[in-house]
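You will see chain A twice below: alongside chain B first, and alongside chain C after that.
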Partner chain A sequence: MLCAATSKMILKHITFTKRRSLATVTNELRRLFESDPEIIDSNPYELDRHGRGESFHPSKPPSHIVHVRTTQQIQDVVKACASTSPPTPIVPFGAGTSLEGHVGSTNPDSISISTTKNFNQLVSVDPSSLQCTVQPGITRHKLNHELRATGLQFMVDPGADASIGGMAATNASGTSAVKFGVMRDNVLQVKVVTSSGEEITAGSKTFKNSAGYDLKNLFVGSEGTLGVITEITLRLHPIVDHIESSVCAFQSLTQACDAVVTLLSCGVPVAKCEVLDGPAIHAFNLYSKDVDDMTPQPHLFVELQDISEAGLASQRNIVEEILNDCGGTNIEFSANPAVRKKLWAARHDTYYASCALRPGEGMGIVTDACVPLGQLASVIAATAEDIQTSEVIGPVFGHAGDGNFHCILPVRDTDSEEYLQKLEDVNDRLISRTLAAGGTCTGEHGVGSGKMKYLTTQYGEGAVDIMRAIKESLDPKNIFNPGKIITP
Partner chain B sequence: MRVLVGVKRVVDYAVKVRVAADKKAVDLANVKMSMNPFCEIAVEEAVRLKEAKKATEVIVVSIGPKAAAETIRTALAMGCDRGIHLTTDSRTDQELGPNSVAKLLAKIVEEESPDAIILGKQSIDGDFGCTGAMLAEHLKVPQCTFAASIDFDAKTVERETDTGTEVVSFPSLPAVFTADLRLNEPRYATLPNIMKAKKKKIDTKAADSLGVELNEGNTVLEVFEPPPREAGIFVDDVDGLVDKLKNEAGVL
Partner chain C sequence: MLCAATSKMILKHITFTKRRSLATVTNELRRLFESDPEIIDSNPYELDRHGRGESFHPSKPPSHIVHVRTTQQIQDVVKACASTSPPTPIVPFGAGTSLEGHVGSTNPDSISISTTKNFNQLVSVDPSSLQCTVQPGITRHKLNHELRATGLQFMVDPGADASIGGMAATNASGTSAVKFGVMRDNVLQVKVVTSSGEEITAGSKTFKNSAGYDLKNLFVGSEGTLGVITEITLRLHPIVDHIESSVCAFQSLTQACDAVVTLLSCGVPVAKCEVLDGPAIHAFNLYSKDVDDMTPQPHLFVELQDISEAGLASQRNIVEEILNDCGGTNIEFSANPAVRKKLWAARHDTYYASCALRPGEGMGIVTDACVPLGQLASVIAATAEDIQTSEVIGPVFGHAGDGNFHCILPVRDTDSEEYLQKLEDVNDRLISRTLAAGGTCTGEHGVGSGKMKYLTTQYGEGAVDIMRAIKESLDPKNIFNPGKIITP
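Let's turn to the complex of A and B:
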């Protein structure tokens, strides 16, 4: 249902040509969904929400949202948007984590295709093939709850209760990646609506596939810039009976990261391996009431899993020995499910805990550096030191087992130009340091609009040109989430 | 201590239920069914007692159609030792009422002599919340309903009420306990346990063979959906809002 006030607001700010396009697509949507008009949403608060994510990038709302119910509806919207003159951009929207401005509409006429409301079902489970198929709008906690009777779980665990479609589009990952991999390792097959409005299938429901170019891994991580994902087949893993988590303190980040290298070099099959620096632990202590306070120094949080009690016990002994040898202190283990759950929930909340260090209105700059494991100690220590000398607030923590860490730089609306410049400089130096160490400017969060400027430095012109060619070929009208990853 | 747990197969809590065309019942065709959430909590509590070595055996019982055996298997996978399945073709969401269920459970209690009986506080289809209390009455034993925590050593139970929590004590076992949301967080069964559960024993009997009168005395006259939610309206200013709240909604 169109809100008159909103349309007036949008129409005021755009040219006559664009106005014609917006009016056309609006009429077309109304016509297409005549029998189901409530799926078209122009509520200004919803539009604002669909233009923003969980980071500091400001909201860039679309003109309408379509809460699609079926693949056919997605195809219809794509065809309608491609046929206006000029074509109308489409921004797919899952649960809205969008850490690098992924869902911001660069064109106020954009149509947001939103899936979590009506296109969110578990379609089928094939337990003996260890897989399930879902619609993109289902969130990962809901999926695992639906799977609870099978003994299988979907293991990828980014901090948010993200939608599977969004996770596939951004190649998301979490604390479990060190053992279970990232989305690309856990998505077997995707179905995608392409620029012609056709639905294609990429990948296969097998664990191995060498047939043709790897389109599945092209679409996974393409951030909505090559098509709209309509169905995902996921690899599942059995829930293991014997799990234990451990907390260990270190004198320095370097020591902690060296311990991580040792653990992995000794072949310990860690299920989770996270590092947090002193400021991060301090934020953690203040924010999470469910977990006992820890001394504000660098810590490792490790989780071990085994199919037998004896196996778990022997892992525990080896890990304890290694941590001790590497200078770890205050080593604690717990198998209690409630204790473990609270520990990892608190770890997942470190973003909010960090923002809470600076009370007031505003979000955070979330950095995401990933380097070869051997470089982790030096890069993370240099980053933490830089933050301290710059006198800004920026807890550092991350997936040490993957060589991946984040630093949250909370931004406040009341911050001075000077402080904002310091944050930007810290971020720039971090990315330069990362790339110089042979790393990547983003291990998990994706490029969105925020990191486009680093692609050429990271890959060189040759590779970026190929990326551009792919975008131009698959999306000749540039309607799929324009202004993200690469500009044609 | 031997523990008896009751579980019920109900419409999955996430399903958007629809009324059947004849308006006599909810449409259950092809609808996802699961263990009642409060029954999951009851099973979890019993299994934790066993893990803490306070219970020696946990028996799970369910009354329902053939498919209720799956629900019993889930409870076995969570850690119960054996199951009892009383089969019935009556609709367990409205035909077979709490008093009949209580009487059937009382018969099982007579046979198995458990020390503690743990049920969910209510089922999410019938929503009566009566079975536990009725069972305790039939058995003439103490009842501790809406339990948020149970201490078998101190013989006390923390009960959730609408106005707050109260702590009650029970004089002795056997007693009936009904589980409320805060009692625990149920585990997800692991595959090895699901496979082990296939080998655990389930005793199947017809519910009407126990010599219990199953005629509830309640007849469902009509089942209908609540009136659809009306669209919101925009008001021009605060005065307009206050006026509507006072004169239309009647809340001021």
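Let's turn to the complex of A and C:
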């Protein structure tokens, strides 16, 4: 064992070496970008913003931000960071809307490669191939705005106005996944700067591809730990004219979830299919002044789309029959775009509505369990019951058609240790219940730092060892977003 | 440089070591399975069959076959093969329907792990989760037969009665992919025995999963080069009652492909969407006595499905209008199940019909190009024209909705060198044209040994180097199906 003085000396040496390596890399970046100095940013507000997403994870700022404009600049940063001793970590950053501490710098001497400011363009649209190619920093609202004239749209909708690069990095999805799939289904090809500084192409611009290992899906969902995404080709879908939303109340969450199983088992091509428990509807009523109050009991929100009015009507008839048969009441359909828009805007505000149930400063713990569809009723009902008996506030809602649900547990700065412990216990039991049902700890938010501890329980040592081997093989110096997804 | 005698001595030593290592492994397998000796097979007919698929690639038989019954037996074989010096290669084998030389033993001292005889059961069905779990050796016909009572079906249909393990290994698809996706979309979870002999789980039984690197999609499509698949959980879809097929003629392939783009751009949820050129229809007429003759000009076969008669009728009206607008003629719809069945059986026979255009012994070269949808018209038309001007026989047809098409080039044992050269040239130009259009050399058949030479041109050195690094990392001894997908 080392004596205290020796340990201290070694630590001092390491710290000194690290700081020197950071100084080396920042000097190198200043030299590289001397004709474009404003892309290097160390404004404290921006550093803080680049260290966190939208959840309760505290900010872990990087040392510097580079607001890259080109792939070449990303390659330059990667090469500079890889060449220092020790190597300088790189954390790619999009819109900062992630929820699991993905963008926090576990090492403060990190460089953030930030894309939303200067690397955010729609590169090309190929309407007859139903696809477009974008830079990673474009947000989905901007993308859909720019696509308008084509009659096509990008369908993945996580609620937040996230960047496409960030959405690809976490394999995001949202309310439309039940029909249009998740990011892995909608990203056809990515270009990525790897640890050598080279840009490679993964996937192809085709709807199908059986050529070699699936690198595209390996990079999608790798949360910036295997490289920096520089370009993304996305599958687009036609804008459909005939849309109708429905709202329906149930006596129990089990009834509501059973209705979802019936809808999907009958082949109804639901475009959205969301479940909300009583407390979520209560939060909704208090927060969303634009939408008529609903009885505070479990609800389903279902959206139908069709290419014709007649087709939509036939879907509506079948859905109404199923909802009725499954015990649904107060069933209301609306084709009015304004009503639909308000409903979904309110649904997307459920996080804020839930947090507003507990006044005060703070944020919410957002869980992201996903289970096999047939297990949803029991898991979601047990979770809602656990929350009630634990006497904490935690509305439950989610993408029922995918078996994916969230529970918002608002945390207040003034919360007692005892209350915080209750929240942690509720969360732990929720994950245990989910994994026992064959589920995953994260359906759409990703692992970040927040879900790392569950990975081995979910997959077993063997699978996690393979993930680790892939990380070590593709990023031997561990420069890309270290300390996320898996421990070294 | 070594003298000839030394070289010969070294070669002899290597051969001797290899044979000794094979003797070691077969003795070990006999010892391991002494209570179940009939699972070890070295019948010459079976060895020959286990060395090839259904294409022109000549058989490369293994030394022995093990008709495994359990995962434990697979683990035993892998451990035994990994422990010899040099290691003994393992080639997983399903139904033997692959087309790119996937199952040929590049080293004759290999062990084939064969699954269709004894490892072919439906393990469980979870109807309310719309999924089932199977052993890899079950074939898709058997699976769908066993699923009948559930009202659910497995939707990936490559034509051949392939094993589910083999279909997962090649990321197979077929006529239904345009609506129901490819194997990667329909496999939720796989269990795999890796190079250490351990069984790991990749993916989860949920419709969505953002937890860690996508190992599931890495193993799906890895063609037995990263491990042996032991269990597969599949997404199922409800059997829909309202189905209608349509057949429509066009003046040109370009018109037919443009009609496909229009159908998809309008959001028509086509369940199948196949294009056939004039020569393919001619072959079809000669071969398929069950189906009425069609004019030998480009055709589209489209299948529509809906949950109601009214919905189906509205789809039919829109499709008819689009086909008419795009220059389609002789449009015929049929809801008669017998007519539909005959049509699709005949479509699945196109390979044999094409081969029958050139009487004699031999097989066909099957190409598998896939391009971005908007490029399909020009690539497919240029290919059909090239075939005509090259004066070879090669009907063109394929999964137009996916941009994936095949060209069958029948090869006869009596063919002259000159004719064979023409076929090779047509094939090379087809691949060049495909890659230039942003396509992939294989949309659904996989790389095997046949497409290896195109991988670097398609992806670039960098991406192929990453595939190589993954292979070396997961299979350091190169025991799993060596000599496929990538060169070491």
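Basically, the second predicted complex is superposed on the first by the 474 of 488 C-alpha atoms of A that agree within 3 Å, B and C clash if a C-alpha of one lies under 4 Å from a C-alpha of the other, contacts with A are read in each partner's own complex, and residues count from 1 in each chain.
One rule holds for everything that comes next: a residue touches a chain if its C-beta (ideal position, glycine included) is under 8 Å from a C-beta of that chain, and two chains touch if they have at least 3 such contacts.
Keep in mind the model is a prediction, meaning the values are calculated, not measured.
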Next item on the list: Superpose on chain A as described above, then tell me if chain B and chain C fit or clash.
Entry: fit
Next item on the list: Please indicate which partner A:V371 is in contact with in the superposed arrangement: first for chain B, second for chain C, both, or neither.
Entry: second
Checklist line | C-alpha centroid angle, chain C to chain B via chain A, nearest 10° | finding: 100
Checklist line | Which partner, chain B or chain C, touches more chain A residues | finding: C
Next item on the list: Check whether A:A338 is in contact with chain B, with chain C, with both or with neither, and answer first, second, both or neither.
Entry: first
Margin query: If we overlay the two complexes on their shared chain A, which of chain B and chain C does A:N209 touch? Say first, second, both or neither.
Written below: second
Next item on the list: May I ask you to decide whether A:S59 touches chain B, chain C, both, or neither, giving the answer as first, second, both or neither?
Entry: neither
Margin query: If we overlay the two complexes on their shared chain A, which of chain B and chain C does A:T24 touch? Say first, second, both or neither.
Written below: neither
Notebook entry, point to check: Now for A:Q153: first (chain B), second (chain C), both, or neither, which partner does it touch?
Noted result: first
Margin query: Quick one: is A:E199 in contact with chain B, with chain C, with both, or with neither? Answer first, second, both or neither.
Written below: second
Notebook entry, point to check: In the superposed arrangement, which partner chain does A:V240 touch: chain B (first), chain C (second), both, or neither?
Noted result: both
Checklist line | After superposition on chain A, the shortest CA separation from chain B to chain C (Å) | finding: 5
Checklist line | Contact residues of chain A, present in both the chain B and the chain C interface | finding: 151-152, 238, 240, 307
Notebook entry, point to check: If you look only at chain B, which of its residues touch chain A in the complex?
Noted result: 14, 34, 74, 77, 185, 187-194
Next item on the list: State the interface residues of chain A toward chain B in the complex, per the touch definition above.
Entry: 142, 144, 146, 148-153, 238-241, 307, 337-338, 341
Item checked: In the complex, chain C residues that touch chain A -> 126-131, 151-152, 170-173, 177, 181-182, 184-185, 194, 196, 198-202, 204-215, 217-218, 220-222, 226, 237-238, 240, 261, 264-269, 306-308, 310-311, 313-315, 317-318, 368, 370-375, 399, 401-404, 438-447, 451, 454-455, 458-460, 462-464, 466-467, 469-474, 485-486
